[in-house]
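Please go over the structures that come below.
First chain A sits with chain B, and in the next complex the same chain sits with chain C.
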Partner chain A sequence: MSTLAQATPAAADDNPLRQVKARNGEKVIKALLATAAAVSVATTFGIVISLLVPSITFFSEISITEFLFTTTWTPLFANPQYGVLPLIAGTFVITIIAISVAIPLGLGSAVYLSEFASSKVRRTVKPVLEVLEGVPTVVYGFFALEFMTQLILRPIFPGIQVFNALSAGLVMGIMIIPTVASLAEDAMSAVPGGLRDGAYALGATKRQTALRVVIPAALSGIVAAFVLGISRAIGETMVVTVAAGLMPNLTLNPFEGMQTMTSYIAAAASGDVSTGSIEYQSIFAVGLLLFVITFAMNALSIRLVRKYRQTYQ
Partner chain B sequence: MKQMRDSEAAKQSSSDMSTTGRMDVAASLGSHGREIPETISNVVFGLDNVQVFYGDFQAVRDVSMQIGRNEITAFIGPSGCGKSTLLRSFNRMNDLIPGARVAGSLTYHGYDVYAPNVDPIEVRRRIGMVFQKPNVFPKSIYENVAYGPKVNKMKVNMDDLVEECLTRAALWDEVKDDLKKSAYALSGGQQQRLVIARCIAVKPDVILMDEPCASLDPIATAKVEDLMQELANDYTIVIVTHNMQQAARVSDRTAFFTADVDSAGVRHGRLVEYGPTRSIFTAPNDPRTEDYISGRFG
Partner chain C sequence: MTATIATTPSPAPESTLEGHGQPLIDKTFRWILFAATAVGIVFLAVLIVYVTLKGLPRLTPALWQNMPSIRNPDTAGAQSAITGTIWVMAFTALTALPVGILSAVYLEEFGNAKSRFQRVVDINIQNLAAVPSVVFGILGLAIIARAFQLGQTVITAGLTLGLLVLPVVIISTRESLRAVPQNIRHGSLALGATQWQTTWKQTMPAAIPGMATGTILALSRAIGEAAPLLLLGAVSFISFNPTGPFSAYTTMPIQIFNWTKNPREEFQILAAALIVLLLVLLLAMNAVAILIRNRTQRRW
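Moving on to the complex of A and B:
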């Protein structure tokens, strides 16, 4: 027999734990936030659908194999051909040039700012970087065309074309440095000071601490910064439209002009293609390809980040 | 007025100590069964009027004391009295804080730690440090221990060294099959012992410990305390602790610090009393020491 008194449920209104306040404000906030989240999800779906529908019509005329694996892109010719490889090559070459500038310089500035610079330098340089991120990209385009090509590249490589991939790639790289630097710096600043103290207390130098403790600890954030930089390079439109020329060109030679996927979309969309025509639909097909590539990049980066994630306590 | 008298008293008691005055001259017994003479014959650190500043703020004023070789010295005192600040000035960790500055004379085996030609990196390699929060690196257990020898380009058999240090840190048996695992997978107590293993891997001769057990449970604390006793045979250890029992249990000598408030209302840390742990805990000279260790103050 239990000697413990059974708790008798009290009448509903003297329960001291009963809910008294309605807390409606909380519900409103929750609803607003949910709406905000829903809008961005819905927009993404909208984009996918608006890319998919014209693309499906496009691919009913042009086979996916022809689109992906043939080498001539001449949608506006009398006898149009839709082999997207020249655009992929242009995007690829310019992106590689851009990230070979942006990743080393961006990471270098981030390491300098987070580990070596005095807090005064950091406080001045960080906002400047963030302002640079906001310079309109068309400005960089003219900088590439007028300054980079004419004043720097021409004297060194006399044979370079007026519109060329090299100047567009280099300037795009410079343009992306602040993004990479700022994000990588955030990741490194978030590494707990205790880890640095631990390294210094073992007799490590600043360089050894930065390279062997801070960077590994911040790796997931740094990889994310790189991926964002690469995505920006792939998606960048104005610099290439202005400085790389608009000639689809299946080559890896950076001294020649090229067209990228983005600059094709910009040029075709602002030209006089008639709505519903196959040229018109090709814009969406290229857009869809761009979307798939960027999406794959981001998915890859999420996997990389998960793999290398270092959690702090 | 009271303030004045207290600081006079403090001066009085520290001069008493340096001349081995009226304190119990008979040797005190540290907890690991060694004779602790009143005076220190083998001096590792000599502090003469050491003052530490953060910018204009003087966090520690006029500390004069000596730290004896192969002894465990405990720093106790209320929060904010400058124990960590003073400890970090021993291996020049304060250099890393912008604006921090040390005045007075601080010698290590007779050499001025702050002389212009001294390399702080060399100082830190010889004087290791263990922190309150176990700051293991986001690397494998093995790489944590190997990090110091690698950055110091020590020519050693790394596998042997890792095993030796983990064994000395009483961790080997628990981790020997998981050396490649992330150090983050260890418990807090194991992490702290890993940090100690990492610290001794660069073969320092002093280990500074700033509240090494503050985030550990009693069992892990007991393990780290045992380890300290064991390490004291080969190393000189200075430990900051808020745990009076810990100071009494493990240390040979105890220094009690407190913070004085100056006329402008700013708190400055100062050394009140320093001596063999047994004397400090059984017959303190200064009433503030007695109040603190008996829990009436701080």
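Moving on to the complex of A and C:
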């Protein structure tokens, strides 16, 4: 397109000077636009620097092995200990609960919408899923604490704590359904109709076609959807801050309260922490760990999506 | 087309035929999928009914006329949070819209898709879109509030949320620009318009509805965002409206968070009432976005 623009003679304009001026202007405009595009790259650099600089100071005091492999996280104690494993355990338990809800339900919704639903049903269901995705996460936190814990889980499990991993994980799982469903559905819709027709011609039913042709054909996109769902569960903050409690707890018991990496960041940074203290820097060290984990998963997910797009385009 | 082929009776060896030639297992499978889809929808309905019923007693004008109070839940309102949200959103829009739209115009209309710069920007935007929002809070805290010394103010919150939703604005604007057919650009260029004249006078006006939709959706994401603001001073008790860009502030999601944390039942009811207000606001924004999308959907 740009070659066409250069090849076009400036016939419409009778004043040659204006032409020259316009060209200079074009260059300025293009530079301005490129600067705007660079802002997003600068944002990533900003994130990396804001995480790295305090983390380096933190790790000069606390060794990386102590941070990653010891089991006590007590930054507020007189003799503070910085073993991040309890926060990782909390993140892990809640993420497992969330994805065991989100993956089957999200994949089920995606298969239904892509392979079974009439276009009328699809037109109604998709906006509803968009709304489900658009509800603020603090609202889900409120709902997990007030409704899920108090009205559903407490009558079933009388011993459950007020703040617990189960309610946060369950509600977060439902919250993530739209993320998983829409990405998986995109992948399945990209599978050419010819593959389905081939299966039908061989006598396969819709179920057999969906399970043995469409899902395998869209597998990389579906896995990308799962990975992105997991990454969202790991990075989610408000639901866990409100409903899962703020006590670091090295356990796999979902009936107890626990703290995640994200809820530690939120709680510590909104409290009274003096700048430059080791406790303040620990916020950034945990943030760095969170960023590295989610970044790796997102990169994997993006690669997988690219893979299926290449296959079917 | 596929549907007509699919209804052809197809007795697979292992399945028993049922009714009009559709094996039972296939019907069950379909119902399971339908149920999976229904879970999310039912959940959303229960959530809306629950918060509405719970918040109903406090859904009165006092909610937006009065200021928050720690001691008197009976008269407490959320005015400072509502005005704070408006202030912060204004600065979010001022950050995300110009930068996002100009980036998208560069990437779609001016950049060379094969250039290294563009590939880096492309991958970067995709990654940035999936960074946890609390990490943006860390960026806001370390760079905008401390390094730029803007402090814990409306403008810091606006800039941070602006960067947070920047990928949404860029991606949706690019899609709407891509939907404008090449013929329009070629026609304009053939008449002697420069590339920028073509973009500014032809391509961008044609893409306005799509951009508007994307913008509203980006702002509706920012308006409900609480996690980054927890790091940017919004949690402190604020019982006054912001007076300018450098004022202290709180927002509606943060006020909901503060009330939820308070064990007294009166505050839980207040939280539910404010949730209803926030959800109504969000649904209205979504409805406008969908309306614009449907009204202006043009077939080229």
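Operating definition for what follows: the second predicted complex is superposed on the first by the 262 of 313 C-alpha atoms of A that agree within 3 Å, B and C clash if a C-alpha of one lies under 4 Å from a C-alpha of the other, contacts with A are read in each partner's own complex, and residues count from 1 in each chain.
In the analysis below, a residue touches a chain if its C-beta (ideal position, glycine included) is under 8 Å from a C-beta of that chain, and two chains touch if they have at least 3 such contacts.
These numbers were taken from a predicted model, which means no experiment stands behind them.
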Touching partner for A:Ser119 - first (chain B), second (chain C), both, neither: first
Chain B versus chain C as contact partner of A:Arg212, first or second or both or neither: first
Touched partner set for A:Thr237, first chain B, second chain C, both or neither: second
Partner chain in contact with A:Ser40 - chain B first, chain C second, else both or neither: second
Which superposed partner A:Ala201 touches (first chain B, second chain C, both, neither): both
Contacts of A:Ser274 with chain B and chain C, given as first, second, both or neither: neither
If touched residues of chain A are counted for chain B and for chain C, the larger one: C
Touched partner set for A:Pro192, first chain B, second chain C, both or neither: first
First (chain B), second (chain C), both or neither touched by A:Ser301: second
Contact residues common to both interfaces of chain A (with chain B and with chain C): 196-197, 200-201, 203-205, 208
Contact set on chain B toward chain A in their complex: 91, 93, 96, 98, 121-122, 124-125, 128-129, 131, 133, 135-139, 147-148, 150-152, 184, 195, 198-199, 202
Interface residues, chain A side, partner chain B - complex: 118-119, 192, 194-205, 208, 212-213, 216-217, 310-313
In the complex, chain A residues that touch chain C: 1-2, 4-5, 8-13, 22-23, 25-26, 29-30, 32-34, 36-41, 43-44, 46-47, 49-51, 53-54, 104-105, 107-109, 111-113, 116-117, 125, 127-132, 134-139, 141-143, 145-147, 174, 177-178, 181, 193, 196-197, 200-201, 203-209, 228, 231-232, 234-238, 241-242, 262, 265-266, 269-270, 275, 283-284, 287, 290-291, 294-295, 298-299, 301-302
Residues of chain C defined as touching chain A within the complex: 1-2, 5-6, 8, 10-12, 15, 22-23, 25-26, 29-30, 32-37, 39-41, 43-44, 46-47, 50-51, 54, 98-100, 102-103, 105-107, 110-112, 117-118, 120-121, 123-128, 130-139, 141-143, 146, 163, 166-167, 170, 182, 185-186, 189-198, 217, 220-221, 223-227, 230-231, 235, 253-254, 256-257, 260-261, 268, 271-272, 275, 278-279, 282-283, 286, 290
